[in-house]
Amino acid sequence: MQLDDFKNVAANYRVIFFDAFGVLKNYEGLLPGIENTFSWLQSTGKEFYILTNDASRSPQELAESYHRGGAYAITPDRIISSGMLAREYLDLKVNHGTVAYLGTEGSAHYLETTDLKTLPISEVDLSDVSDINALVLLDDEGFDWNTDLNKTVNLLRRRNIPVIVANTDETYPVSKTRIAIAIGAVAEMIETIVGKQFIRFGKPDAQLFMFAYERLEHLTLPGNDSFKPISKRDVLMVGDTLRTDILGGNKFGLDTVLVLTGNTQPQDAEIQIRSTGIIPTYVCESVVISD
Amino acid sequence: MQLDDFKNVAANYRVIFFDAFGVLKNYEGLLPGIENTFSWLQSTGKEFYILTNDASRSPQELAESYHRGGAYAITPDRIISSGMLAREYLDLKVNHGTVAYLGTEGSAHYLETTDLKTLPISEVDLSDVSDINALVLLDDEGFDWNTDLNKTVNLLRRRNIPVIVANTDETYPVSKTRIAIAIGAVAEMIETIVGKQFIRFGKPDAQLFMFAYERLEHLTLPGNDSFKPISKRDVLMVGDTLRTDILGGNKFGLDTVLVLTGNTQPQDAEIQIRSTGIIPTYVCESVVISD
Amino acid sequence: MQLDDFKNVAANYRVIFFDAFGVLKNYEGLLPGIENTFSWLQSTGKEFYILTNDASRSPQELAESYHRGGAYAITPDRIISSGMLAREYLDLKVNHGTVAYLGTEGSAHYLETTDLKTLPISEVDLSDVSDINALVLLDDEGFDWNTDLNKTVNLLRRRNIPVIVANTDETYPVSKTRIAIAIGAVAEMIETIVGKQFIRFGKPDAQLFMFAYERLEHLTLPGNDSFKPISKRDVLMVGDTLRTDILGGNKFGLDTVLVLTGNTQPQDAEIQIRSTGIIPTYVCESVVISD
Amino acid sequence: MQLDDFKNVAANYRVIFFDAFGVLKNYEGLLPGIENTFSWLQSTGKEFYILTNDASRSPQELAESYHRGGAYAITPDRIISSGMLAREYLDLKVNHGTVAYLGTEGSAHYLETTDLKTLPISEVDLSDVSDINALVLLDDEGFDWNTDLNKTVNLLRRRNIPVIVANTDETYPVSKTRIAIAIGAVAEMIETIVGKQFIRFGKPDAQLFMFAYERLEHLTLPGNDSFKPISKRDVLMVGDTLRTDILGGNKFGLDTVLVLTGNTQPQDAEIQIRSTGIIPTYVCESVVISD
């Protein structure tokens, strides 16, 4: 398997979409040297966005966590999270009443900007659910799994309401050797039990890519091609997970880079590409650029 | 849809296999009048067995719960539980070391009669798992879902060991209007996350039926046909759930009765039979026989 | 279940997206009186698009079939087919070589406009496949199922190439009482066999909606609101199938109408909405407007 | 990964269950030298049975094919095929009328010994199906896939009848480099389309193992242990496929041997065992015994 140099690859594109976890940071924090990558992007006038399935924190909170690590280039407006799609859905489709949620209070910020009242599932009274018009699964923390998942199942037996899953990941790493179950896997279990079709936002779904891509339309970009409008050919998607980042990027029509700093181990990359049939345009060791 | 009288139907068979929950009892206890059914079975010399996916309690404990309700005819040797298949598997296939489990202490009685040490998942030390040679999922109670399910996932990433699911049910009723998530649904979530194939015991799988059927081989049964050996034509399976009791009974070659006192509501029975293609030989309102 | 009048509902929107089969036409041809609907749309200055998973014919051919039925308002530029997404994908992501396909010669028109050579799977020589860089599943006709599906499986074992499914439907009606297997169901079978992840275009996927929605951006629409840019609130999606039209429209953020002239029978609509949890904004008997 | 010698392993068991394809034979015929294995089994007084998911031919025809290759020890009574389970099901559960089938005339022999009329799906008249009381999927040959699979779907929409799948394999090898789609994969496609639950016979399901195991009960076996009744500890299951042979053997409580002459390639065995969690007791290169 041929490994390409990230800087050489990225030089050919005007916009870079990055996945966050496993690409820019891991369970220990930002990847050492990642600020060099953003310095280079800014010095060459390239645009970039972070596309993340992490709906546990708002773009502001996420940006602050990058700033604490020294990556000042990542401003809130450059972060596109699946939680933002959940909010857009609620704005457009659920006009009134209460939205129940599974997740932390922090994750519920995505919901609080709509006209809806928000209620953690732990506070739902199953004997009086007529005002609950939607349920959103945001994060695996902030509730008691046994009590509140059973409550969720019973809520969905009483109310035929839309259920939105704002993070489709099944697991996430918590240390070099351990992973944790993410809300996406919990959502699949509940969906099977109640037999209903949930609405999922997040990679590989096209909607997250579209949300980011629409922001590019009014940009003026430097470089020789600056007067041409942005097209999908100008955008490179970078991720560590074949089934979300690479599949989603490919399907949206973007060139893709698989990096080996996260979910896909160097020794497994080739066999996984062959066995899944999900083929990145390039494979790079890391997005970190050495000076 | 034609409803048949249970006594008329059962009169044509020499042996009756009953599912427990939804057939003999519900969330409130034994069905009122169920003792009449067992009196009639005994007076007519019919054999009967209870085939249950409930591995949360031993046959002794289960029998005692029937006795407390007045159904003295149900002795421990007439109860065939999926937990017994889990124990047989461990006896035959896992010879030494420790078996970790998810479930209550009561459910772990199934495991304690083997030569293996048993360890609740809460007490597993993930940094020292080399002695753990199997994992058994017994019951949805007796552990902390968030902490211990994450621990389970990480155990299975470290040890390539057989995983036995001793209760394949996805949910069970806890009141007239509420259900709870059963360990079978949790097992599916973990199986998907770790990508491995678990070993399931319990209806509709043939092995539980076989386990009961083998007990019939040495029986001498009264009646005109008593000198003929028992065949599958002599056995009637009675259950409230199409996908476990009826599918499993049909596949094993038994005639089947769907009763409407549990998972299948009277108003839904016909549409469910048509939509699933799982066709009971008879449909009866209840197994309770009025005097 | 409350039935709404389509004209009353549609009056509140500026743009209507229609599914084709089961909404505008059925196995017998165009719905009688459908031309009234388009006359009314034109007289009130409403925009409309046809969003179809039918990749068996080009927009030109599809438009001609409407014209033969008297619906002259449906011009090729108003037809958005999943085949157009397949073509865009090939343009962006597969730059050279040959694309093999399953489908009729007519369906292959979608592929022929790219720089790629096209080859029906029947003409693929399995001993020389190094030039084949993509496979597209377009239609269930135009090939021998036994021979060519086996050939497809073996091609995908030799070449790790992207596979595009341009019609995700599982079946389609061919008469009042009969259905036929569509290429979407065949695609799922082959995907399971080869264990790879195919790329699917077509409802409920957001990309088909996005493709249509992007066409609205430069429109000037009449009416009181004509100077406001089009938003998702101005668009109504109309379909006969919950799992494609309604789920997809809802998720994209559009209001939705379920009509009862196709896949969803009047007597089943309520139970299907409840059992799937896919909830249309409105239910109408038909889009046909009586004078 | 440790490779064991088959003769050394088998010496510790009284009965050997063999899978056929990939173990005793491949697309070119019997494995060279396989007769030595059967000579040794007979000289040491070991019992053996062939457990096969191949319902395309009767035990007589299958035995003849072994005889033509020189393996005279394999008599029809030693062959247990999933077709025999299909026949037992029809005998017990479908008493009258017609059974339609997908498969060759040869495969239909399994059905012809019952009291039922048999009818290939190609001869079914969809306008008169009231006499059809079951459908059996036997083999991937003997019918036109396009025409007859569509006919099958429409039959199952008209008649709510049991559907039996007598071969659960998804593919089978036809040459060193090519595979073909087996009826098991076709069955899954149709099951998904019609939304009904089919009845599957064949490994890994316990019923095929049980069928073979019941034949052992009246045996008198030579050796030191000859006066003890046969137990599951005396039986060794040998197969080339983890998901059928090994999973099924393990679950039934047998020790298992994975051989590397069929579906599982030597270079893939270890990774497949780890990734599936299906763990054979032993891995052997082949069952062929060199003199």
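Some points to look at:
A, B, C and D are the chain letters, set down in written order, and residue numbers restart from 1 in every chain.
Quick note on the criterion: a residue touches a chain if its C-beta (ideal position, glycine included) is under 8 Å from a C-beta of that chain, and two chains touch if they have at least 3 such contacts.
Small disclaimer: the values here were computed from a predicted structure and weren't measured.
Counting only chains that touch, the fewest steps needed to get from chain A to chain D is 2.
Shared contact partners of chain A and chain C, listed by label: none present.
At the far end from chain A, in terms of centres built from Cα atoms, lies D. A separation of 41 Å divides the Cα centre of chain A from that of chain B.
For the pair chain B and chain C, the distance between C-alpha centroids works out to 45 Å.
Taking each chain's centre as the average of its CA atoms, chain B and chain D sit 28 Å apart. Touching of two or more other chains is recorded for no residue of chain C.
Under the contact rule stated at the top, the pairs of chains that touch are A-B, A-C, B-D, C-D. By the touch rule above, chain D contacts chain C in their complex via residues 126, 140, 144-146, 149-150, 153-154, 157-158, 170-171, 177-181, 185-186, 188-189, 192-193.
Interface residues of chain A facing chain C in the complex, by the touch rule stated above, are 88-89, 92-93, 156, 160-163, 194-199, 205-207, 210, 232-233, 243, 247, 250-255, 273-279.
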